[in-house]
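One structure, pasted below without further comment.
We call the chains A, B, C, D and E, going by the order they appear; numbering starts again at 1 in every chain.
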């Protein structure tokens, strides 16, 4: 790579260039990063940050390509969990444990948000944006149908039924990219099965034999009729637009979508929607107060030539100062403690972030938690299940087959 | 002096030869080699697995779905692009078409100059089940029963994509055929007219036999193109729903860059190569035997 | 009587034919018009009724699309397109000329190599190509697109131009030799200028390919500032935030140059194809 | 039966160009009509109107007794041979010849008979299974003729059928077509821009210029008695020499071309000039090269003699062409093969007065 | 200065085909040499070797005193005019002519002078700004000549420069090239397959067949005294008639072609046959069409007379060709224009014995 050619500044200090890769090429995020970078550069005259970005979908593929080159970015975005773990296993991620443990860096984060970056007791990354999955609902439509905000699974199904009877589409759902369905299943799995899911999700174990997996799908099947038509043919954001247009009553969204909803919706609508947590499943074995959703974060490349500078940048990027700017400008909350006070940002965002911070533990997104190959089969089968083309047993059988195959290659 | 000239001609060919060798042939040969390994894109680690990638392919459900989709695509494209394209070309070149033929020709060709990404996005909108053009039109015409979630229904989605390609490429093939038709001396038609041939007979007995070669070439272009298929699917469905629109190109891409199985992807590449190569050889054979 | 019938059938046939042409043209054009109409709407207008005309044309969609990076993609596409098309046409012409004029047996090998190159699909080479590009340090540079584009379009260019040069009057070159040209001078001052139509056809074919190429651009470029339109457009469609109408505007902007380029060149295009043709 | 009648036929092309103007002619059954004229004079257009390939703008065309203006080509009972033969390249010779018959749904064995018969006449029976592209020019020509013959048409139309052949073959095919006409005994209409072909083949020739018929006549008549300067210049090779001169009356009426070249005339021709009031006027004189000879020592006074410098001498074997210039006009004379004059010499030429053609200078029409 | 010397020149193509075999000839300065022969005989190959466009396989080529076998075309001081003119279509007439001079880096004003001068000679000074494609065939031809002239070459090479022109223009350009040669006073080497061009233009002609020179001679000599059957048949139009006959001796030595056709000979020729032992042997007889005439009532016995049926009669204006068949061979006779014999008649022909050409049947070489 040509970027690390040392330049000599007036003071005689060597200027180091580090490459930085994120996944927000669109505005206003890109400008935000540009400002962050220039602030950092101003504070650290010996470091130059070469910033690049790739948007969400291609990022998943491109990051692998990029890490294969000799020119891998020194600091890059990633989703914790299996998505990152494979890079860790391949030595592509720098071990931050030592740095984290000194100067109280580790302690500056809300631990539930840092924990996802831990593998085998070593810390590999830092959270940049916290996230979790919640339901949003249209108060007016609920009123129309005389429906209540549900807190249990059975209530939830009743609510759906009522809405349906009032000729209102109960749930907006866009599952053309099937990561959307994985969020439902991930949540239901956790709530029904409990700790066993971690055994299943670990590619080295890959044991999906717990009957809860089938049970979870059976429960899921119960809600399928309440989705809008053609869920497999529309995109998540399209569904969200429909929901915002009053074409459906509820939607399962990520907390990070809230700022987006806020920014485009009318004032009228802003007062007209509320949020609630995924209903608890009463006979489920899982801890019902866990929350689905993992933070997103950044890591340092395992092959970086400038670990010191890269770590410094990472620390700044995920730290409190940037966190505040991030919260104010983008409405995103990072994993650092006490970044903003209530009132500084929109209440919905603040409140919902508190839900995350208060959750006992985060449950990783199913799609980034699972090994890619297993995930692919799982998601495809889930789409099929929604179309009634397969049964829960068959789905899990296929998943198990793939998981076994992956385990054997491990 | 003569000898010097010979060398000169080599110089003319050299840049092209080097570029093609290095960036087309070497990768392809290397690809054969890779197909014998298990490897991923982000490490240099390679595990020799012999032919097991191939063994796996032949037991792989998605591979067969992909292959089937490619074959659908090829067959339909031949019928629509070459078949209908020929009809269109003949009609446009017929006397009846008059002066507006250039206008129509350009219109029909237009979609093929637009990028597949743009066309894909465009058709994504057309097929959108809620506000898409197709369903909107169907509803307007009172054909509500015919509305579909075009890209969301597994038994329809691939055909929806294929339909889009036909829309895009009929004009392209048509142009190639028009060019061939224009090379047929007009006297042949006049002679046939005196011999008593009507329009249809002229098309069948004069035009078609005289553009046989072009028809073969365009068929091969179409078939090879069918197996090169990637962007259309990637942009429209990425292979979904549940792999029902997967084709070899996207499957290869997915295995390589999403499932981290570069070796397996290389093996798929080899199979694409074998298929396209055999089709082409077949064509050369056929056209050669036609020349005798 | 017969006269009447003859003429009426002709008119009838002509009317039917035109009807068919117009229906077909509508099928081709309507989506394009649809996209233009909807690119001038707001998102909610689009979702309420995509067939209606925009109430107030939202021209800002175009400005937004342009500012959102399309301007960069656009310039990148122009740059990559110009360089690859020029190089392909030029190197292709040289190679085709060499193949046609050379007397050595070597030229047959070259020709078969070219033919072979025509058959190979880019995906097959993708993985190794990616490694090669990376090894020689082209990854994430314009060259990572330009060079593979040239390499993969050359066979077609050579193929197209070869059949043209086969019919190129050798006397013109000999005349130039006698006039005192060297071989290279002959090529530049006589052969190339005369071959304009076929060069134009090749240029159009190559330009269409380059302007629209997706796979290589997707894999070999990582820097947003170096992306070309196809990848850029698909980038617009980020998972969570999609401004649909702006994207439509982007599609329109991204497609216009090729449409204009084609319409400007179409006469030469057909002429060149007729002179060269795609036959072996 | 297969007489043709063309009445005031006119062709105006879509772009407004009037290619044929008021073409009127009666063609008898079994005639060999040659349409001849310089490029662009409307020959092909006329032929194509007869064939039905081009619409007739106005006028009437009868084949036999039927008005065929609006009859489709296939129903006109004609056959056409094109300049480039227009053989179907994808069919064998046999199929080329059988194509029209097949379209007419004639029984297979009958087709076979007809094709083989025609092939025998043209001596191409051994080529029936070949494709056109492996045939030589002459063979293709024959196949094209064969394809016309099998249709057994009332009228044979040919558009410069020989111009793609080389000189030797052209001469050979010329006589073959002439023989074929004798043998088939049908009406032939033949288009050429080569006056030699017209002269040697036609039973009558139609000389056209700018879409207008100049003369319809037997070949030798057109040669001997051209109606105007154009026909006189067009028919005959080498071309007729033209000079300008003034009709002067001293004792005799003579024509003075220059001080040195004064042409005398026989008495009856002098009278014609006199009676028509040409004395003192300028006229155009036409002399065929074969009528300008090398002057013998003493020739009688039916000849006029003059001297001029030889500019080019062309040996033709049996004779020699001598080129010279009189009043800035190039003149060709036909001398004997063994003449001794050479390039640069001053040669003596003689012209017989009775062989002179005289044209009105204004109208360019023939006086005698 | 610009004399050429070709010594045992030979050309073997890459595929092993021997196109020119042992071509040896001395060409004087300012000669007009015409290479003539049927298609494929190696004329073009020879010319291209002289131009330097084709390698000489063996032998030596001198231009002036220099061995030029390995000299590049541009350095040979030659100019070449191609059959299809090979004008650069993207350049104006002026640029076409100036191109070679520009490459030589000659000053602009000098180029201008040369080009304008050449254009004036050829009367194309008004065309200088046009592109070739808007020119007529004859104009293109002139431009091609002009492009050659400006180079001021020692040797002018021309490969069938007239064969793309129509008959009339061909005749006209023929004389223009002849005049040009006189005017430029350089060596011309001219290739054609048309014997008329060869006869009329060449100061000497080289008749080739299958890569071998048959005869190098002045045109009229080649016509009058061909060295063999091939040359005799090739030179002259219409072609010489050939018959086979047996030399018989009764009182006189005569040649019997058939019962009805017996040809008598003058005494000295009889002696030649006798002395060379041809009596009783078969020979080939050649008679030019112009030597077969319509028999007059009483002609002296230097003529042989015979009768035959007229098959085709071709009017040529100044004369008439009569076609007939003797011993299955087609014979052409030149009758007067006003002959009364017609198709189907039995005509009387006469041949003068002194005009007969006799060839050995085995070797096909001329006996006399």
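We adopt the following convention: a contact is a pair of C-beta atoms (placed from the backbone, for glycine too) under 8 Å apart; a residue touches a chain by one contact, two chains touch by 3 or more.
Please read all numbers here as calculations on a predicted model, not as lab measurements.
Fewest steps needed to get from subunit A to subunit D, stepping only to touching chains, is 2. The greatest centre-to-centre distance from subunit D, using averaged C-alpha positions, is reached by A.
When chain pairs are compared by their number of contacting C-beta pairs, B-C comes first.
Chain C has its Cα centroid nearest to the centroid of all protein Cα atoms in the structure.
Taking the mean of the C-alpha atoms as each chain's centre, subunit B and subunit C sit 15 Å apart. Centroids built from CA atoms put subunit E at 58 Å from subunit B.
Centroid to centroid, with C-alpha atoms defining each point, subunit B and subunit D lie 57 Å apart.
Averaged C-alpha coordinates put the centre of subunit A at 40 Å from the centre of subunit C. Counting only residues that touch two or more partner chains, subunit D has 72.
Annotation for subunit C: residues touching 2 or more other chains are 47-48, 103, 130-131, 219, 231, 234, 237. Looking at subunit A, one finds that residues 62, 65, 68, 177, 238, 242 touch two or more other chains. The part of subunit B that touches subunit C in the complex is made up of residues 5-6, 8-13, 15-17, 19-28, 30-31, 34, 41, 88, 91-92, 94, 96-98, 100, 104, 106-118, 121-123, 125-126, 130-133, 136-137, 140, 167, 171, 175-176, 178-180, 182-183, 213-214, 217-218, 221, 224, 227-228, 230-231, 234-235, 248-249, 252-253, 256-257, 262, 265-266, 269-270, 272-273, 276-277, 280, 284, 287. By the touch criterion stated above, subunit C contacts subunit A in their complex at residues 43-44, 47-48, 68-69, 130-131, 134, 137, 139-140, 218-219, 222-225, 231, 234-235, 237-242. Those residues of subunit B whose C-beta lies close enough to touch subunit A in the complex are 38, 40-43, 45, 127-130, 149-154, 237-238, 240-243, 253-254, 257-261. Residues of subunit D that touch subunit B in their complex: 51-53, 72-74, 78-80, 82-84, 86, 88-91, 99-100, 103-104, 147, 151. Across the complex, subunit C meets subunit B through its residues 10, 13-14, 17-18, 20-21, 24-25, 27-32, 34-35, 38, 46-51, 91-92, 94-95, 97-99, 101-104, 106-107, 110, 113-114, 116-132, 147-148, 150-152, 154-155, 158, 183-184, 187, 208, 211-212, 214-215, 219, 229-231, 233-234, 237, 244, 247-248, 251, 254-255, 258-259, 261-263, 266, 270, 273-274, 277-280.
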